[in-house]
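Pasting the structures here.
Two complexes follow with chain A in common, the first pairing it with chain B and the second with chain C.
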Partner chain A sequence: MTQLNSNHVAQLSQQQLTTWLVNKVIAIAKIEAHEIDINEQFINYGLNSVDAVTLSGELEDFIGYEIPASIMYEFSTINELAQHLSRDIDSPFAIEGEK
Partner chain B sequence: MMTTATKTNLGASKSAIGHHYDVGNDFYKLWLDKNLNYSCGHWQGVDNLEAAQLAKIHHHIQQAGVKKGDRVLDIGCGWGHALQVLSENYQVEQAVGLTLSEEQGTWLDNMSLPNTHVRVESWTDYQPEEPFDSIISLGVLPHFCRTEMSVDEKVAIFRHFFEKCHSWLKPDGKIAFHCLFSGYLPADPESVLPSKEFLLNEIFPESDIIPLSSVLTGSESLFEIEKVSNHTDDYRRTCRAWLDRLKNNREAAVKEVGEEIVKRYEFFLRLSVMAFETKSVSEYSVTLKRIAPPAGSPTY
Partner chain C sequence: MPNYNTIIDVIQDRSKITPQNCAYRFIAGNGDELAYLNYQTLEQVSLNIAANIQQICVTQEKQYESHEQQSKVLLLFPPSLDFITAFYGCLLSGSVAVPTAPLDFMRLERTLPRLLAIIKNSDACTILTTYKIYSQIQELYKNIDKTHNDIGDLINQFKISTTRLNWILIDKPLSDLSEHWQAPCIKPSDLAFLQYTSGSTSMPKGVMISHKNLIHNLEVIHQVAQQDGESCFVNWLPMYHDMGLIGSVLYPLYVGFHSVQMSAISFLKKPIRWFEVINKYKATITAAPNFAYELCINKVQIDSNTQLDLSSLNLVLSGAEPIRSNVIKVFSEKFINIGLIPQAILPSYGLAESTCAVSGNMKMTPNMFKRFNKLCFEQGIINILPNTYSEKKDTIELISCGSPLPSVNLKIVDPVTLQLSELNHIGEIWLSSDSVANGYWQHTAETKKTFNQALSISDTSEYLRTGDLGFMYDGQLFITGRLKDLIILHGLNYYPQDIELSVEQSHVEIRSGCTVAVSIDIQEQTELYIVAEVRAKVRALSDEIKEAIRRKVNADHNIAIADIYLIQPGSINKTSSGKLQRNACKQNIISNRLKCI
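Then we have the complex of A and B:
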C-alpha cells in the first residue's frame, strides 16, 4: 500500500465506504437515494470514464492511500468496491491513521 | 542557437501545441522531473523519476546507434534533455532539435548547449544542410495526426514522415522513437468517448492516439524493424509519479496557473494512469534501420 503524503489512511468500515459511494453515485447520476441498488453496476447509473476517473481520485483522497485509477472497472458495483476496500484496509499492510 | 520558422504542418498546429506546452515552464517544473522530460520514463532497475527519465534517453540514443562525432536529429525535442545528454555524454558533432513550442525554443536558446542547434519548426518544413547518422523522437508522433483523419490519411502522413527521415539519414542510419499508441478497445467504446474527447479537446488539440500498425505501415520498404519493446507499465508509473508531484505541489501550481488548469491536469494524469492500467493505450519504443535496396534489385 502506498500512503499519500498529504493524508492519513482512514480506518473505514464497509458501511462507511458504502455510504460515501452511494452519496457520490446519487450526486453524479442525479437520482434519489431510494433508487440506488448497491449491487447494480456503476455503468447502469450512467457513469462514464470521466466519472470513473474523477471518482477514483476523490475516493483516493477520502481513504488516504493510492488505488488504481481503473478500480471502478475492476470492482464494478458499490458493494464490490466497498467490500474490497474494507478488506484492503484490514490487511496487515494497512497503516493506521486518524480515526 | 535557435531558428524560428512559420510554415504550416500536417498534424497539430503551432497554436495547438502551444495550448498544451506553453502553459508555462514554471508550472511544468512543479511536477515533471528536474530536466522537464515529458514522456514515458524507463523504470527497470531505478526507483525515481529523474533516473527513469535519464534511462529512457540513454535507451533511445543507444538504440539509434549514436557514436562520438555523429550528427543526431531530435524531432520534438521538448525542453532539450536528450539534446543535453547527446552533447555532454556522447560527444556528438551536432545535435539538432525541432520543436513547435516557442517557450521550449526560448528555454533551449537560454541553455546554450554546445554543438546544439534548435529550430522552432515542423518536421514537414525542415530541410537539413547535412545528413544525420541517427534520429530520435520521444513522444511526439500523436501530434502528427488529427482525430478526424481516416486511417489511410494517417498512414500517408507517416509515409511522408519516414520518407523525410529516410532522405535525412545516412545509409544504415537508425531512428529510435517512442510514444503512446491505441491499445485495447473496450467492449463498450461509447463509455470511454467522454474521456477521449476531453483528452483531444482539452489537453492535446489537433492530435490523435494512433495504432502502431499505421506508423509501421508508413515505414515499409524504407526502414526495417530492429526492435519493438513494450513500456505500457513504465508509462503508468511515470504518470502516477507526475500526479503525485502535482498533488504535493498543488498550492504552488494553483498560484502559478490557477485552480481550473491544475484540476484539468490532475484529471488528465489520472485518466492517463487509468488508460495504461486498462491497456486502452499502450506505450512502445521502436527502433528502425534505414534500408536502401541495391540498384538492380528485383521488385516483387
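Then we have the complex of A and C:
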C-alpha cells in the first residue's frame, strides 16, 4: 500500500513550496510561468474541486506527511499555502533561518 | 435469486444463511482496515438503530396507506460503514432513508443550501449522524455571530429548520432497544429511500425508490453482472450516490458477497489506491464514472517491478457520466500489463429515476465501438460506417452502453411529436419497467412531466422520459447527449460537445474543457452562442481569437455563430466534479453575468 515515507519529511522552505505549487498550477491551468500571481486565488486559475483534492494528494507525496483534502480552500493562494506549510514543518523541528 | 419482497427480507436472509461471512469492510487511505461487519453484526447493529428510530418517530401502522405515513430519516455521514448500518436501520424501522452528501465545513456556502433544501423538501423528522458531525454543527451555531454575513444567515436558517428534528448519534453507544424492535409492515410498493438528484440547488428532486423498484433493479443487474458468493466489490464512489449505493452496497448484499469501501477523497488524492485495494482483496467488480478512468490514465504510474494485479476483475463498470470511447480504449491499453482484462471494462447506462441501472453487457465486444456518418448524424439519422473507413473528419465514433437489461421496456421517441422514432433515428430514451420510480417526492408537476408519459393509445404503459438522447443499433443502446443541451439550427441537430471541441482546437489561448456551446431563442430565431475561457492576459488578442473560432466552427460544422464571449480562466460554470453546466452558462449569457475579459 502507499505509505508516506517518514524519512521524506523534509524541511522544505517557503520558496521550495512556492516553486512546486507554481509548477503544478501552470500544468493544470495550462498557462505560462510569467502569468502566475502567487497571491491569486487557486480557483481563478480554473482549479475545480477534483483538481484541489488530487493536488493535495500530490502535495502529501512532496512534503511527506498527510494534509486535509480541503487545504486549498483553507489556504486559497499559492503564497498562503506555501507559508502555512513551511511554518507547519518548521515548528516541530525548530529549524532556524528557514522562514 | 429467491423472490424477495423487500430489502428487509434480504438483510434477514443473509444473517440467517451466512451469519459469519464478511459483508462490508472500510479501508483507510493508508490501506488499514478501519471497520468490518459480518452479516450477523450488520443485522444486529442495524436492528438496534431501527429500534431507536421506532422509539422516537415511527408510528406503527398495520399497513402504510400512503408514502406520507412513512417517516423520513435523513442520513448525514462521512464515508464509513456507519452510513450502511444507518441506511439499513431506516429500512428495518419502516421509515424512508434520505441519504445526503456530508457537509463540507470548509465550503458551507456550497454544501449547506442543498442540505437545507433537502431537509425542507423531504419532511424529515429525524437526522441520523455521528457524534463528530453533530459537535461540528453545534460549534457552527455557537460561532454564528463571528461568521461572515451570508453564511451566518445560512447557518441560522439551518438551525431553525433542524430544531424540530430528532438527532440520533449512532456512534454514541445507543441504548440497547433491539428487544423492542417491531417488524414493520412494509409492502413492496412502500418507499425504501429518497434519492436526491443533482438538479438545481434551490429545488432538489427526491426520486421515490420503493422496495419493489430496488428488488427489481437488483435482480436485473444480477442477471447480467452474474456475481456470486465468492465475488468482491471494491468501491470509492460516495454511498449517497445511486451507483455507489445500489451497485456497491445493495447489490453485494442481495447476492451475498463482500464489499470493500473506501472514501472518494482517498481515491482522488492517490488514484493508485483504488488498484491497490482491488489487488489486495481480489475484487471481481468495481464501478466509476468516466472522469475517474481519465484520472487514472493521467495519474497512475506503474513501476516495472510492480506487484499490482488486476486480473481478478471481471466487471469494471463505467457509468453515471457520458462515456468517451477513447478513455475506455486508452485505460484498457495502459493497464493491460497489470492483468486488466479489456473485455471486463463495460460502459453502462442508468439514472436514479429508474433506480440505477438501465443497460449494460456481460462482456465487452468489438461491436460496441461503432462509427457513424457525421452528416447523417446531424440530421438525427444513423448511418453506420465500416470499421475500416479511415476518413476521420466525416465520422463520429461512439461506444455502446450495452443492451437494455432484462424486462426493461426501452423506446426511442421523437421528442417533438412524442411518437416512436423511425428506425435508425436518434430520439429520446423512454423507459417502462418495475425499476422506474413513482416520481419525485412532493413535486407533482415535475413528476407528471417526467414519469407519467403515454406513448400511444394501444400502449397502456406509463413511460419515464429520461431526457437523454440516443438510438438502438444491433440491439445495443448508444447515448448521444442530453435533450436540453441539443442545439437545433435550421432543422439540423448539433451536440454541444462536438462544437466545443472545434472551439478548443481553434486557438492556442483557449483553455481545453472550459468552453460551452448553447443555442438561445431570440424572437423566434434560434442562434448559436459560444462561451470560452481564455488564458490570462490575452485581451489584446480577442479579435483574433474570435475570428479563429468562427472560422473553425464554420469549417467543421458549417454553422455561423451569433456571438462569442471570451471569459476569465476558472469562471465557466462547472459542477464540483468538473462537469460543464451548460444551462447555468446560458442563463449567465442571458442575464449578462459572464466574467468577460
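Assume the second predicted complex is superposed on the first by the 86 of 99 C-alpha atoms of A that agree within 3 Å, B and C clash if a C-alpha of one lies under 4 Å from a C-alpha of the other, contacts with A are read in each partner's own complex, and residues count from 1 in each chain.
The criterion applied here is as follows: a residue touches a chain if its C-beta (ideal position, glycine included) is under 8 Å from a C-beta of that chain, and two chains touch if they have at least 3 such contacts.
Since the structure is predicted, the reported quantities are computational estimates derived from the model, not experimental observations.
**Q** With both structures lined up on chain A, is it a clash or a fit for chain B and chain C?
**A** clash
**Q** Just checking: does A:Asn44 make contact with chain B only, chain C only, both, or neither of them? Give me first, second, both or neither.
**A** A:Asn44 contacts chain C only, not chain B.
**Q** Does the superposition put A:Ala69 against chain B (first), chain C (second), both, or neither?
**A** After superposing on A, A:Ala69 lies in contact with both chain B and chain C.
**Q** On the A-aligned overlay, A:Glu35 touches which partner chain: chain B = first, chain C = second, or both, or neither?
**A** Only chain C is touched by A:Glu35; chain B is not.
**Q** For the overlaid complexes, name the partner, chain B or chain C, with more touching residues on chain A.
**A** If we count touched residues of chain A for both partners, the winner is C.
**Q** Which positions of chain A sit in both the chain B and the chain C interface?
**A** 4, 43, 48-50, 53-54, 56-57, 66, 69-70, 73
**Q** Please output the residues of chain B touching chain A within their complex, sorted ascending.
**A** 188, 191-195, 198, 240, 244, 247-248, 266-267, 270-271, 273-274, 277-278
**Q** Over in the complex, which chain A residues touch chain C? Could you list them?
**A** So the residues of chain A in touch with chain C come to 1-4, 29-32, 35, 43-51, 53-54, 56-57, 60-61, 66, 69-70, 73-74.
**Q** Contact residues on chain A for chain B in the complex?
**A** For this pair, the touching residues of chain A are 4-6, 43, 48-50, 52-54, 56-57, 66, 68-70, 73.
**Q** Given the complex with chain A, which residues does chain C contribute to the contact?
**A** Contacts found on chain C: 29-31, 104, 106-107, 265, 268-273, 276, 280, 291, 295, 299, 511-512, 514, 533, 535-537, 568-571, 574, 576-578.
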